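Here's the structure, in structure tokens; my notes come after.
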Amino acid sequence: MAKTTLKKIGVMTSGGDSPGMNTAIRAVARACAYYQIKCVGIKMGYEGLIHNQMSELGARSVKHIINRGGTFLQTARSEEFRTKEGRAKAFENLKKNELDALIIIGGDGSFTGGNVFFKEFGIPFIGVPGTIDNDIFGTDFTIGYDTALNTVIEAIDRIRDSATSHNRVFFVEVMGRDAGFIALNSGIASGAQDILIPEKKDSLDDLFGSLQHSQQSNKNSSIIVVAEGEELGNVYDLAKATEMRFPDYDVRVTVLGHIQRGGNPSCMDRVLASRLGVAAVEGLLDGKSDVMAGIRSNKIVFTPIAEAIKKHNEIDKELIKVAKILAI
Amino acid sequence: MAKTTLKKIGVMTSGGDSPGMNTAIRAVARACAYYQIKCVGIKMGYEGLIHNQMSELGARSVKHIINRGGTFLQTARSEEFRTKEGRAKAFENLKKNELDALIIIGGDGSFTGGNVFFKEFGIPFIGVPGTIDNDIFGTDFTIGYDTALNTVIEAIDRIRDSATSHNRVFFVEVMGRDAGFIALNSGIASGAQDILIPEKKDSLDDLFGSLQHSQQSNKNSSIIVVAEGEELGNVYDLAKATEMRFPDYDVRVTVLGHIQRGGNPSCMDRVLASRLGVAAVEGLLDGKSDVMAGIRSNKIVFTPIAEAIKKHNEIDKELIKVAKILAI
Amino acid sequence: MAKTTLKKIGVMTSGGDSPGMNTAIRAVARACAYYQIKCVGIKMGYEGLIHNQMSELGARSVKHIINRGGTFLQTARSEEFRTKEGRAKAFENLKKNELDALIIIGGDGSFTGGNVFFKEFGIPFIGVPGTIDNDIFGTDFTIGYDTALNTVIEAIDRIRDSATSHNRVFFVEVMGRDAGFIALNSGIASGAQDILIPEKKDSLDDLFGSLQHSQQSNKNSSIIVVAEGEELGNVYDLAKATEMRFPDYDVRVTVLGHIQRGGNPSCMDRVLASRLGVAAVEGLLDGKSDVMAGIRSNKIVFTPIAEAIKKHNEIDKELIKVAKILAI
Amino acid sequence: MAKTTLKKIGVMTSGGDSPGMNTAIRAVARACAYYQIKCVGIKMGYEGLIHNQMSELGARSVKHIINRGGTFLQTARSEEFRTKEGRAKAFENLKKNELDALIIIGGDGSFTGGNVFFKEFGIPFIGVPGTIDNDIFGTDFTIGYDTALNTVIEAIDRIRDSATSHNRVFFVEVMGRDAGFIALNSGIASGAQDILIPEKKDSLDDLFGSLQHSQQSNKNSSIIVVAEGEELGNVYDLAKATEMRFPDYDVRVTVLGHIQRGGNPSCMDRVLASRLGVAAVEGLLDGKSDVMAGIRSNKIVFTPIAEAIKKHNEIDKELIKVAKILAI
């Protein structure tokens, strides 16, 4: 425990934005106020560190942001921080502003940056998993994932209203980068006829079989949810192949896109972000560093950053089976 | 007034679906029950008339649909109804089922069909304007338009969360066919930097000027709302041109697509659909035919179908000016 | 036209808050910037005028508020402004800050204050109707009304989910002060069995008859929407009377309360607030004063404040009939 | 494993309704179809068993309910089932309909009934936890809890819009019976100034201290979230005490009420209900009985009903601390 040595913490959001990042920033700022250390908000991720864009965050300066999507500190991917010179500039600003430690809210790319920085300059930091993709090891949920799921199913509910009115087949692409968590869960939740994710071996034959089964079962519509990282093909290719195979089907495509990154965070995301933000501050105060604060089985856990970056959460086989059973 | 002669009315939804169609069907069925005439639901628009897919709708058979998007009667565009043979079949089924009149919920394509049918066979009908595009003369609002507007601005609010976190320029395509009502109103309501609609002469120079102004004003993001019928180019072309002109901008594209057609209807759409559904039944009972029931200055009005098809609602110049002023 | 004489305008929100007030403030500030006059935001309504709580509003200081419920200028009812001394203080501050005119966003109480102030000190002002109650003459819609309607029907949709699962009778109280606009429109839109509003003569006999009809029609639930100004009794009294009359009914009460005043404004409210905010600035520039900017038949109109305060919008008899027909 | 002996399963919802019950029924019916056993829906919980209100549920008879709040099988509390005679009648109907086992979706009261029934007649059954209160041992989450949390925070977000516009103190009562899970989590997620729950020793002094701190910190509003089971007093009493202590505060009360039980289920609730519905069918097929299907650390687990009824989930002390830290 090294409480006395920490006087000022910097917090930033980095990489892709996700709903709940604001809530996490608020939690960091308030926890700092509670433990009577100073908090500084760094704009635009590592870019702001390099270009010295910071300002102090008191308890009141984070009011009314708990329920706002996005990140008021803004975020960026920084090319410059990948260079030694960039990181040296960042370190200089850090010293100039007397920052003793960093809290980095972002995904594994952002954590990698923090990891390198820590190794080079020994700046203590703790990562907080903020991404809609839920693809980070060391936490059951990432901040923004639950909100994105709800955004996706509301969108698919709307699409189904229209699809059902017309007996249509809809291919819906959802986000998730290389991971199928959003696709699998939103697919189950929206009653998808089939769900295509990179973690599962898919084939056109299986897809066509599922569509034929749907038709024979007199379903009014078929929604196929496709992860953006799916290897069988993107939604346009899949739709084209389907139209060729079943010329009488009325096939449509929707790419949900960036609506999935925004919106007011869900209750679960706000609670998660609040807990992880507080935990990150307390972790630093306890002398932890180069770790990520996460939640597992509803308990706060700290995972070494190297492990968080390297390992991956596995898709639950049970969920794949459930999806199959319910599409009968 | 010819109340005694009408005993049985058929109701259908035709063309593109829109939120509130179910509410309108419910209003027709309930008004029929109230005035003690029979109501028959025809499936899949004119297709169902041709293929005799109908079933009686009592007051209770439309329960719990007032707030459901889409149309439980489903809808279709019928090629066969465009042929004389198709319409003859439809007429036969109409006689067989003893339908005295029709209520057709849809857009101008659907009304044109009803108009031809009326001229050939003298079947009384009243049109009810159901489309998200708001492009029908004789009514200030079409059923589904208000819901679509709210869906669009919620989506753009989400996109802005993300855009602002990254200093991005977003081109967002919204529906509306040849009309810019959705784009203009949702653009104003979501604080768009620029709005491109077919009713207004747009140019790349104006667009680029607007984007430059945005940059110089230190705005965190710029949303450009583009009607699908915009003549300057589609969102992909516009994005590409923008990237070429401003290579350092981070430009993104979202096509909102079919989420705009679904969702629980808004209060305004439910009230509108309820009023027009009742008015259509009362209009038929009063001996009206070949007209559309609409709402103007908050009063029910009936417009000859020929006029409703031919004329167009004008975009309000005041709104274009308001959009420009607010983008300062 | 007196464009040259106006250099600085004050804007305030006064009375009860409503969704879209922020949007209207934004429109005022941006329109001022567009027409190159200064804009000052006055906090807490007339209170802020009396206690000199003001700050300049540039085009950028109103960013990101277009979609936020409430009013960032805050609002209050001012006892002090009702006194001559209070108004004299307000006038002094007005002069000190060199304000040439006022834009007052609020309801008829707020307009009355402006009217008296104008008569006493000749300060030009224009009122903008902001209230969820829709009870202001001179405009078809007030800012916040449409949003409140959507909030109410979403709440009643939820209540119905539960009511239907249990065969329950629900009395739901909605806002609207002395006016039944919210109750009547939300009642129609949520499929209410009965709607009790002050503008209509209601009786327990009619209510009980409606409930019995519902029971006999095998409806799964009955929602009774009651305006807060209803004269027959409040929801608790009505529920008690119903329980006494029908001891076997499962009767529940919900008072929706202040959730109706908040929330992101709907598209319609944002467009309305944008138009009226711009119109108020242009009206002042054109030399108008002591008037309210409103919208009628979708056109901007200015109504003398005295008329706006004195007259009342009538409930549409057609809507009452539609409600009755649909409850069959 | 006793797959061959099970031919027909009955499913019911019992006790209070919660969002996601329909999703769970769907999952049971589809899993039965998948494993080629028959599924029968029992209306109104144990009442329907006693009065023989059942009908077969095929895979298609549960279409389009995955996203509907409430329960289409309806639910009730049955006095008659608490009597030996009532249960005997229920058993008779069960035999008459050749039901081999039951799946009971509900809370601990419903499980107690199933437990007694199993002991008396040996009818295999599995419980599925459906309640918004999250107060059932053996599962990390109950079906409907996550949806209720989101409903609550959306409502409080709206209330805050209004509270902040007026500098108000709001006491908001949320559901949860004897448990504070909804209050604690929604309180954290909505930035409550204080959260009063039965699991924590509260005092007026602490509450007043918190309110004074809020005032001194220049917060624009204070939301106090109160669990319905709070022992210090109900929201009306607390508001009155607060007004007496701080006569100049503008204190308001909202009881959120039954809106918390309805609404489209969230993604998490739909996935949970889907998994538990499938697990219950598979559990019965595996010969399990007198157990509840739940989810712990994201894995399906079966807990003896006696244990599920008797034990209680504990409130997490860490969450209480987080709430306190963030209210600084």
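Brief remarks on what is shown
Per-chain numbering from 1; labels A, B, C and D assigned in written order.
Definition applied: contacts are C-beta pairs under 8 Å (C-beta built on N, C-alpha and C of every residue); 3 or more make two chains touch, one makes a residue touch a chain.
Just so it is clear, the structure is predicted and the values come from calculations on it, not from any experiment.
Counting hops only between chains that touch, chain B reaches chain D in a minimum of 2. Ranked by distance of CA centroids from chain B, the top chain is D. Chain centres here are Cα means. That of chain B falls 28 Å from that of chain C. If you average the CA atoms of chain C and of chain D, the two centres end up 36 Å from each other.
Residue positions of chain D touching 2 or more other chains, listed in rising order: 157, 164, 220.
Arrangement of the chains shown, judged by which pairs touch: one closed cycle in which each chain has exactly two touching partners.
Working note: touching chain pairs come out as A-B, A-D, B-C, C-D. Only residues 13, 17, 19, 21, 68-71, 74-76, 151, 155, 157-167, 170, 220, 252-263 of chain D touch chain C when the two sit together in their complex.
Across the interface of their complex, chain A is touched by residues 26-27, 30-31, 33-34, 59-60, 63-64, 66-67, 140, 146, 149-150, 152-154, 157, 164, 185-186, 188-191, 217-220, 264, 266-268, 270-271, 274-275, 278, 296-298, 300, 316, 318-319, 321-322, 325-326, 328 of chain D.
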